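Presented sequentially are two complexes of subunit A, the first with subunit B as partner and the second with subunit C.
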Partner chain A sequence: MSHEMSDEKLPESHGSEGHEAAVHGDPFADPGLPAHEPRRTDIDERAAKRAERQVSLLFIVSMLATVGFIASYVAIDIDKIVYIFPLGHVSALNFALGMTLGVALFCIGAGAVHWARTLMSDHEIPAERHPIEADDELRADVIEQFKTGAAESGFGRRKMLRNTLIGSMALVPLSGVVLLRDLGPLPEDKLAHTGWEVATPAKPLKLINMNTNEPMKPEDIVTGSLTFAKPEGLEEDQEFFQEQIAKDALMIIRIAPEDLKDRKSADLGFEGILAYSKICTHVGCPISLYEQQTHHALCPCHQSTFDLADGARVIFGPAGHPLPQLKITTDEKGFLVATGDFQEPVGPSYWERP
Partner chain B sequence: MKKLSARRRHPLAALVVLLLALAATGGLYAAFAPAEKAQADTSAQSLAIEEGKKLFAVGCSSCHGLDGQGSSDGPSLVGVGSAAVDFQVGTGRMPAQQSGAQVPSKKVVYSQAQIDQLAAYVASLGPGPVAPTKEQYTSTDPNDVAKGGELFRTNCAQCHNFAGKGGALTKGKYAPTLENTSPKHIYEAMQTGPQNMPSFPDTTMPEEQKKQIVAFVSHTNDEPSPGGLSLGSLGPVTEGLFGWIFALGALIVTAIWVAAHTTKAKKS
Partner chain C sequence: MSTANSATSGASKPASTRAKPANKFEAAADWTDGRLGIYTLAKSNLRKIFPDHWSFMLGEICLYTFIIIILTGVYLTLFFKPSMAETVYHGTYAPLNGIRMSEAYASTMDISFEVRGGLLIRQIHHWAAIVFVAAMLVHMMRVFFTGAFRKPREINWLFGAGLLFLGMFDGFMGYSLPDDLLSGTGIRFMEGAILAVPLVGTYLQFFLYGGQFPGTDIVPRFFTIHVLLIPGIMLGLLVAHLILVFYHKHTQFAGPGRTEKNVVGMPLMPVYMAKAGGFFFLVFGVIAAASAIATVNPIWAYGPYRPDQVSTDAQPDWYMGFSEGLIRVMPGWEIRAWGHTLNLGVFIPLMVFPLVLMAIWVYPFIEAWVTGDKREHHIADRPRNAPVRTGFGAAWISLYVLLLIGGGNDLLATHLHLSINSITYFVRVGFFVVPVLTFFITKRWCLGLQRRDKDKVLHGRESGVIKRLPHGEFVEIHEQLPQDKLYKLTAHEQPQPLELPAEVDENGVARKAGPIAKTRAKLSEAFYGEGGQIAKPTAEEHHEITSGHGHH
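Presenting the complex of A and B:
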């Protein structure tokens, strides 16, 4: 260490030994500040006047643009559409407001820059660096004061005092943690169930087409078609519709029986009609990018891909579980119905997920 | 009657009689025409099927089989209906240029008359969705746009983007943009589910709703963009990218330009 340090100091010691020789021989010598060069505006009063006029002109253009902004706000009709190349048909008001405000701000900035570069003083001012560290005497004094304070408080000697202080400090944050309970009711087992849970084999729940708001029959569902469904009784004007449909949404597809690869999934369906949850098991995006020939469903958020012909097995992407499937059959009138909840919780994984 | 009789030798009498006779014949024809017209239609129909069969044998049978029964290179066309033919051939997707992830739309090679003949032939192979008439896809109710928008967001936007600009699917497949698709072809795509697009049959999406969706897509295509460049209507990703690359790039270039030009009197 000491050897290296002496090596580092070598050029400096050389320099101090023979000053004349070092200036010519040392390629790393500090050249110092270059001589100050004046600007045209510093030496030519006419140039300075011209620069002043240029800056003022920019500020005046800015003022005019602001007046133009206010004028366009008052004068231009909000519905007026104009054709402007290359933007196409745009709102005249938006375009005018954007352009005038842009010019107003740009001219203030450009004027300020031009002013600083031509007219404000440009003399180089060196600012020497100083060590950040306090000097040794001050540091010794602070350490001495701390030691004295620690000894006088008896923190090290009176053990009971110390331990109770630590205990009280450790407990205080708990009051903040308890207040977190006010954030709302606990989810309990709501994540594990959906609106379909009220369906039973004795009292099944009809699948309602989201387009027509009517129940569906198996013959309505054509092979290769895609239909979205919700449980019977759930209506869009209900208070908690959005919360409910976020869990209950179904996509109904029909796959030719010979293309079905998963026996269990086929049994949950009805003659090739399968009802899958529309909620991705990764982070819960609605997933319905269904390809009817490959039977793949793609999630638009993170590209998780499910093979709906194979029990919605994950074939690509970050999803951790297949899409939950709803067991469906028909009731005595021939409508498609569910006889129970999904086979597993819908949506993303969570801590207590079975 | 006497007046009429007095003028029977008038030079124009023959002409008047001729016109009356023609009107009478025309009226009689009009009265009895429907039956004859229907006959003419059926014969026109069978003629179209005949012509379509010839076109099919030349242009389609190498992949779809001589009787449209399909082969290893192309699916069976039994039961796809005239709507599927009108869509596939009318958008230039068929005849396909090459196999691949997806057959793109390209220059249409058949005239509409030939497409109708092909469609008539394929429709005769088995019952399927029928190509719509103009009334079926032309909306007259201004409320249809709003209703169609809601249906579009439920059924179509996941693949075709909320403004109908299209989007990517798995393994090189994609949902095409709807900007240049004619109302008739949009309607037929919903009926038939071409390639990997699922179908939306009348049983789950009634005709009226298809018409509303077509109204929404047409309206969106013609809609001006009040905010300026739409940048593909892909949302904050393209807008952010544009801002970061072009706006920030312009700022950096300007800063470098300003700093590179000295104001010193002695240029070095």
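Presenting the complex of A and C:
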């Protein structure tokens, strides 16, 4: 259908016939290549000499800069800091090496380009283009050769041979796919649990202040403050610390009970002290910006904003659901403890998340 | 027959009939030619003609920064330890003394503070990567706006697209390797993005990371992908790209003596060997100096990665900025049903990200289909002479820039004292509105420039000389353009819109145009119809104005 309305509408491109003589009366005819205009260095030997000296000077500067590079490498102490206006305090070695290397390279380039522009011939030369497409004769010849080769192979004629070859070629990459299986363990329900899951009402887990590494008491936490916490027993030098802290990290805040808007969230807390997951439900950045007057917490990565007084409801940004909250209370000694895992999986959503 | 032949020729060895070489250089060349056939190879290439235009050097910047990245990257691998094993830092950088970190981060600290020149090479590597992707993008825009993607260069356009895509990802992997606080945040983002993929996302995440985030596998795995897999593919694409540039010969702009059947310029040896070779050193020199002056990615300031810590102003490298914008401005849509969660708030941006790039990469094929043009094109268009194409390209850039703004909404908000919410809402609306507006404005602009060209051709250029006519009127004398300018301004071709075949053919048989043919005809009308281009001046118009009726 479409080929019926094809090429005839395309114009003949102007001047496509090469150096056609200006058609009589065509005011827009191609006048052909303009005559070469000599440069100063083409006609004045002194100008050419000067250009030669300029190019050589650039090459000499490059050589000096390379010597300077090596000298800097040997002479300048690696931790020496110098003040360079307007950069401020910078590493002397880095600055010296970078500048000398930069000059050494730049001068070679500048010299070569200046040489090309002033001293090498600048006569414009036309070269013919040839169509990329082969002519019909060649095309017919190649197709014939291919047909001969295909016929001699018997690929089209011996169907069983062809089909089994395709079958084996299709199957063999499966080995490679199977080999990828041991790249990692199966997810199972690992994402649904955190390090807090070992806590039970009978055996609660203390909340440990991330900065002081001490357990926390409700009276330590003033209204409007933000404290980061981790579960008791999780230490930096443990093997799986990074994986654990990526899920267990807590934000502890205290909001005056009359400011709490969400009943359920208030019940999960203790006297206005709430423990939320620090891991953003968008893509997992740790949330770290807290406005104590509005009770808003903002993730610095993609600006999801949660209202911590309202069950960490999302009030702005790309996060899809509230921050999970950890139920806390106090133990017999008055320390803040958790008695179970988060109410729902922490961190970004995933397909199996209920 | 073969036995007879071997009997006669076997006795005497096939001898070279070549005359004695004039000097040692020729002798060496002869030796090599006898084995590699270099004379045949050099015959068409040594004095190969390249046309001259400033915009043709953009591709060179890509090539040279790629070489710089490989050179500096190999050096960095000599010192970098792609391991997430924990270690405690004891080095020259006092603020981090005694801090726990991964081997990857510690070795990057050593490269920056213990290895002399290591910091410089790291900075050159990073700066070159930034320039590499930027140059690829600008080079792509040059090819796009001049229509240099048309037959026979469509496949090379796709090779270039592949290079840009891989370049962006290799850059992302590269700045993820040092395992500093910023790069770890990027890896964390990637975890969230993969988890958002329906059905298989959780499995993909566990297989890629070797378990739960962050695990200890991701840095060594990224390292292999970053230094071997992706650069290997890129090198192959790059060589293919360059071979095709040589094979197709470079495009050139219209001008006197420049036609579709020739290429006018200067020979590779010596002019372009000096100019292009020299340009490599210029690019390298500038990047080396930039690395001495401007710090990029100061990982010592960020500190080692901890999943519960983050810095504000967290920003990816600029080329990931538009995907960052998609992620930031997308509303947090989430569908929870039947025990599953579909995280559209992350999954949609993840899918739109390649679509944004794809939109411009498929354009050449759409244009070829609309025009039905099957001829080769070697004369580069001036952007104004293809208003729809130029409008589309500008719309694409506007979308890209808008998303960059979305990606930097926090920086804009703090630096320009704007509300981050307003910026985000603006980008949300702008995503749909700004490209459309840009398209129409650019198209009108191009048509205006075409009118101006037509005016110049017909009425000449303003000479600045005012003449008073006998009856008192003042007129400015317009001077005819010289022949080469006239040719240049009228050399472009103007296709006419396609027309659907008659509803009834000559035998009276009805033939209906299908929806595809109708769409094509409509698009063709939009490209080349009345609103799509300003008709070029004709010889008659020119003749009428220049003969007789005086100047005006």
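Quick note on the criterion: the second predicted complex is superposed on the first by the 303 of 354 C-alpha atoms of A that agree within 3 Å, B and C clash if a C-alpha of one lies under 4 Å from a C-alpha of the other, contacts with A are read in each partner's own complex, and residues count from 1 in each chain.
Note that in this section contacts are C-beta pairs under 8 Å (C-beta built on N, C-alpha and C of every residue); 3 or more make two chains touch, one makes a residue touch a chain.
Just so it is clear, the model here is predicted, and its values are computed rather than measured.
> Should subunit B and subunit C be called a clash or a fit once both complexes are overlaid on subunit A?
fit
> Given the touch rule stated above, what does A:88 touch, subunit B (first), subunit C (second), both, or neither?
Touch partner of A:88: subunit B, not subunit C.
> Does the superposition put A:99 against subunit B (first), subunit C (second), both, or neither?
second
> Which holds for A:41: it touches subunit B only (first), subunit C only (second), both, or neither?
first
> Considering only touches as defined above, state whether A:219 meets subunit B (first), subunit C (second), both or neither.
first
> Rounding in steps of 10 degrees, give the angle subunit B-subunit A-subunit C taken between C-alpha centres.
130
> Return first, second, both or neither, reflecting whether A:354 touches subunit B, subunit C, both chains, or no partner chain.
Only subunit C is touched by A:354; subunit B is not.
> Pick one for A:186: touches subunit B only (first), subunit C only (second), both, or neither.
second
> Which touches a greater number of subunit A residues, subunit B or subunit C?
C
> Looking at A:340, would you say it contacts subunit B, subunit C, both, or neither? Reply first, second, both or neither.
Neither: A:340 stays clear of subunit B and subunit C.
> Applying the touch criterion given at the start, work out whether A:286 contacts subunit B, subunit C, both or neither, answering first, second, both or neither.
both
> Aligned on chain A, what is the least Cα gap between subunit B and subunit C? Give it in whole Å.
Distance of closest C-alpha approach: 5 Å.
> Jot down the residues of subunit A that show up as touching in both complexes, subunit B in one and subunit C in the other.
On subunit A, the residues that contact subunit B in one structure and subunit C in the other are 87, 91, 94-95, 98, 113, 117, 122, 210, 228, 286, 288-289, 300, 303, 316.
> Subunit B touches which residues of subunit A in the complex?
37-44, 81, 86-91, 94-95, 98, 113, 117-118, 122, 209-212, 216, 219-222, 224-228, 253, 286-294, 296, 298, 300, 303, 305, 316
> Inside the complex, what are the residues of subunit B that reach subunit A?
151, 154-155, 158-159, 167, 169-171, 173, 175, 193, 195-201, 203-206, 209, 224-230, 258, 263-266
> Enumerate the contact residues on subunit A facing subunit C in the complex.
1-2, 4-7, 9-19, 25-34, 73, 78-79, 87, 91, 93-99, 101-113, 115-117, 120-129, 131-132, 180, 183-187, 190-191, 210, 228, 230, 236-237, 242-243, 245-247, 249, 278-279, 282-286, 288-289, 300-304, 314, 316-321, 347-354
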